[in-house]
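The first chain written gets the first letter, and so on, giving A, B, C, D, E and F; residue counts start at 1 in each chain.
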Amino acid sequence: MRILLINPNTTESVTTLVKRHAETIAGDTATFVPVTGRFGARYISTRASAAIAGHAALDAYAMHRDRCDAVYLACFGDPGLLALREIADVPVVGMAEASCIEASRRGRFAIVTGGALWGPMLREFVGSIGLADKLAKVRTIAPTGGDIARNPDAALAALASACTACASEDGADVVILGGAALAGLASRIQSDVPVPVLCSVETGTRAVIAAAANGLNNTSPPPTLESVGLGAELAKLLQQK
Amino acid sequence: MRILLINPNTTESVTTLVKRHAETIAGDTATFVPVTGRFGARYISTRASAAIAGHAALDAYAMHRDRCDAVYLACFGDPGLLALREIADVPVVGMAEASCIEASRRGRFAIVTGGALWGPMLREFVGSIGLADKLAKVRTIAPTGGDIARNPDAALAALASACTACASEDGADVVILGGAALAGLASRIQSDVPVPVLCSVETGTRAVIAAAANGLNNTSPPPTLESVGLGAELAKLLQQK
Amino acid sequence: MRILLINPNTTESVTTLVKRHAETIAGDTATFVPVTGRFGARYISTRASAAIAGHAALDAYAMHRDRCDAVYLACFGDPGLLALREIADVPVVGMAEASCIEASRRGRFAIVTGGALWGPMLREFVGSIGLADKLAKVRTIAPTGGDIARNPDAALAALASACTACASEDGADVVILGGAALAGLASRIQSDVPVPVLCSVETGTRAVIAAAANGLNNTSPPPTLESVGLGAELAKLLQQK
Amino acid sequence: MRILLINPNTTESVTTLVKRHAETIAGDTATFVPVTGRFGARYISTRASAAIAGHAALDAYAMHRDRCDAVYLACFGDPGLLALREIADVPVVGMAEASCIEASRRGRFAIVTGGALWGPMLREFVGSIGLADKLAKVRTIAPTGGDIARNPDAALAALASACTACASEDGADVVILGGAALAGLASRIQSDVPVPVLCSVETGTRAVIAAAANGLNNTSPPPTLESVGLGAELAKLLQQK
Amino acid sequence: MRILLINPNTTESVTTLVKRHAETIAGDTATFVPVTGRFGARYISTRASAAIAGHAALDAYAMHRDRCDAVYLACFGDPGLLALREIADVPVVGMAEASCIEASRRGRFAIVTGGALWGPMLREFVGSIGLADKLAKVRTIAPTGGDIARNPDAALAALASACTACASEDGADVVILGGAALAGLASRIQSDVPVPVLCSVETGTRAVIAAAANGLNNTSPPPTLESVGLGAELAKLLQQK
Amino acid sequence: MRILLINPNTTESVTTLVKRHAETIAGDTATFVPVTGRFGARYISTRASAAIAGHAALDAYAMHRDRCDAVYLACFGDPGLLALREIADVPVVGMAEASCIEASRRGRFAIVTGGALWGPMLREFVGSIGLADKLAKVRTIAPTGGDIARNPDAALAALASACTACASEDGADVVILGGAALAGLASRIQSDVPVPVLCSVETGTRAVIAAAANGLNNTSPPPTLESVGLGAELAKLLQQK
């Protein structure tokens, strides 16, 4: 199976980091085709950059969708998720949506990530997928995803401490360590946290592999749309549907 | 007062239509600076086109923000509203948000608009602004905003009938006729509907004039963001904040 | 424009305080006609006094409604708001409703006021206007509005500290300093609070000026009601509708 | 046991009607002391009349509270319920609250009553007591409670039909026939309705008898309140607490 | 009146403890017929034991239902409550449901009990009866109900401290001390807690006595069910309905 | 991979039906070990039978759990789901939970099943997994699952009609055809329904295969529980944890 891995940030090293983790989990069951956003913020950490990333994800899909069995939207916060699902003819899995669903099966969940502005954005995201009642808390630490990607070791103690507070103060039964740039850190702090810590990159990877295997397709294509000023492939895709 | 009127659709005639209605209401209290999206769908009617429009609205703001006292995001559904508010240093008013707030003051409200795909998008939007408990129903008619703009007379009966159903079947105390392309139609169908019908263009116009007069500014600018591939003005704006 | 300013407390000095602040904001755009409740508690600080104040607000409106373009219900908690709106033929703006709506546009909001019993009453009020999902917290300090009116300086430190706790502990993006008796204190503590602090008196004033300008009227008058034992003007108003 | 039966309407015949039904249920376990509102609408059917009734209920309690073991607020919609509970030192039971609680034990419930304006008021009431999730629907018929009191036979068919619609269209497991003026009608229409129909007067009576027997008292009296212009007994009660 | 007191735990000493408290409250108004679960955990403290207890409660009812006027399901968490109500032809009162309803009349309530795993189970229970909006917090202390039954004195300080935290930190207006094994402890800690503490055993007892007196019956029996492997009485009861 | 397929009904032919559908989907990726409840209703169609089934599912797991990589709780309504998850050391997937999650990814969903009493039970179930906001409607047809299993052809028209009503009247974007006994019917009615129809048996099968592959285990075993009167294997399992 071929899975299109879209990183709607514009930093290729993060794409590579996610791809490495995804391939380790997939083994020989799936191949990941990595693509980095053509435009937008280096690291998404504000509402404006997330809004732009929604467009960038659509653009990336339109350019690289050939022969893929599923799409992995690999940015925690899932910019453009429902729009991608609307135009794609294969399953689309968002890293945050998949992580929240998996976590909600285990009880009330919390999210820990980097960058204070993600707090309200993620609370709203969880509400939008209908799981607000299961969300115990979103906690953020000061360094952004970009900062953590550059120096993950420096963030471990703060991440572990935030995860522990989610369990002891907020009553979370499970914590999601959210963010492409945080790939693999969950297992490094698990022993310091009294409840399970889910790695969003790994949880999303497992979900997209399952979705690609299930192959459930979109059944009602949206109407044809005329547009101006978009990338050629995206314009063509909107037009032809 | 100067108000930047952003139509994130890419159809200039709709921008002109909204401007005309806004100026009639404003009289000499405010001037509207109209700007049409540089890229995206001619008429926003799907999730993909709405996602792109969020980016287009930011781009339009960055290019035309000089000397404006407020921003009027004049597309019902308010693509990019919170992102715009994040980067703007003047008040930003969305047509749908302003209409829903005004309607919620009068009791439970309903929304009628054109284009079936707007149904779930608008229900989610109302939830995102915290007013889900006040929403009686969203009803859509088959012709899209684009269709209605081209031939408003053909849509009047269906719009009036949908508004009436909101009152008699869904218990709405007030109905919003939503959509830039539906500017001015509320007064034409009011006599056929048993509850008040609000024109979203006019309600939004009144709200943005009030906001411009109040001049409440954003107080916590977002962090500087490095980006690639964006319009020069938007990139500069994200960078300098 | 003439705006009827109803203080449903029975303390005239508070009416005068609010009037002074309202006129400063209005400049020459509006005149405020002040009226103090004819009966009820000196300072509303309990459910019983709030219930009585709902009646007093209706009575005040019936007596002083002539030639007004809007009504400003100037008690944070808005006793009688929906009932006033039902019998008035001009727009009615409540201080708390207007403040919560304005605050909700900026994200999750908190309320700080004086008098512990206002805590549950205000939480319920926010729920009743449909904004419970946007409310981060209501915090009260021990002195009541009456105490603060008599000695505002003594309350500044406690108010600032409560506002700061709303931001740092409760995740509020903005705090409303609620209460007629707290008019003008927001700007005095703003520099000690890390998020914007809204003055409810000023926010309500701006909203009622905008509403008076918009002139949107009530369209469905309630049925005629026969009554006994009410003030003559109120009885007549209920009878004639 | 002595139970103070407060009818905050100002129509004595309704007080008498409720008293008669209450005594039939109570047998010799309790005596009911009837009191009719001193001021306010003949029949509460609007928000304004309900707001005034909240004051009237407090006034009635203050005048007649001597030697009572419980208070029965016998108007469906419970004007002033929480305020009464605040100032009373015996249990206070509202007819609507008691009926909704009893109904919620049997599944999702609906309410049928007379007077269209009660629809939104009762939906909000149910929300305020925390039971919105259990409410299937509020249906109103055109004649108000006052009309039905004058000619109950004329309303039976419409009430039965509305109750049946609650079951068959709205999925209600049980329906409350709400309203002091509708006392005793539930049993007359039960055979025409496919789910149980609760009489609000009888359900409230049973609840207040149980509450009087349990004798759970209010433990935290509100602070002393100075007032002007109130009935002497109410002023004294507010003052002395 | 005869009330069937079902303890779905399998520890007879707890049944006896509850019976003693119930009889003290009932005086000569009601007799309690105690029955202890035939199978299941000694003390219910996990989801698995609660699921089994739902079956055990049905089995106990089927075996001992003769000539009872009401059923008291005397385990806080009410395993099998709605199923019992479905098959019983007399009123069924659950200890937790009755306590939460009584508490919700006094404002926002909290629950304190023993055994950490009850936390999420009770939050879900409160949601299932529609009272989530009224729940301030569930706090658990480490010793389980079984531990507390064996040595109540050792738990008093921790229980009082948890109840106090519910008031001071979580804003609860009233706290329920929940659990059959905690019968009578509320009055022992009341003086150390700043808000009322309800004993779940006593509150439930009062509610079941009232329900037995009211005698409201189930009106729509479920369909006949064929089964295998159940206790003879339960099988017969399911079959004959 | 070996997957334990638990049918908590006591009708073996339904177990066989589900197994056949599961194996068709699984191909050679997984083997299903079927087990039918030892006790309880032939077909679960009431709250009492569902409560008993929760116990039966635990009993079945305890007896047959050896060497399984996951558990498939194959009864729509998932009796005992969270209790099973608590005691199992492999992933547990419920047919209804998996179907609702998959459906919620596609928008607002509806459920159609057989047996009127499932209506409220399923609404509550969806609420308990936190997805109430995504549920458009539950519609039931008169024949129960047992009836449909005996004669599926007779139910097709009613099922298709109910699914269509979910789309056209209730605004569902996708419909789940729920129930073990309805395995395979979704594809037979799809062409008559304007939105996608998910087969709960197949959707659950795909989810359990994915979960078995992911192998995420329970990390916090519940405390040891002493019990009486249970099946030997279940007693031992509760004891040893």
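Criterion: a residue touches a chain if its C-beta (ideal position, glycine included) is under 8 Å from a C-beta of that chain, and two chains touch if they have at least 3 such contacts.
Predicted model, so just to flag it, every value in this text is computed and none were measured.
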Result of counting contacting C-beta pairs for A-F and C-D, higher pair: C-D
Computed distance of Cα centres, chain D from chain A, in Å: 52
Rounded Å distance, chain B centre to chain F centre (Cα mean): 44
Overlap residues in chain A, where contacts from two or more other chains coincide: 85, 127, 133
Full enumeration of touching chain pairs: A-B, A-C, A-E, A-F, B-C, B-D, B-F, C-D, C-E, D-E, D-F, E-F
Chain B residues touching chain A - in the complex, by the definition given at the top: 10, 37-43, 45-52, 54-55, 58, 80, 82-87, 117, 124, 127-128, 144, 222-223, 225-230, 238
Touching residues (chain side chain C, partner chain B) in the complex: 85, 97, 101-102, 104-106, 129-134, 195-196, 206-207, 209-210, 213-214, 216, 219-220
Chain F to chain D touching residues, read off their complex: 119-120, 127
Residue numbers on chain B that touch chain D, as the complex places them: 107-108, 133, 171, 173
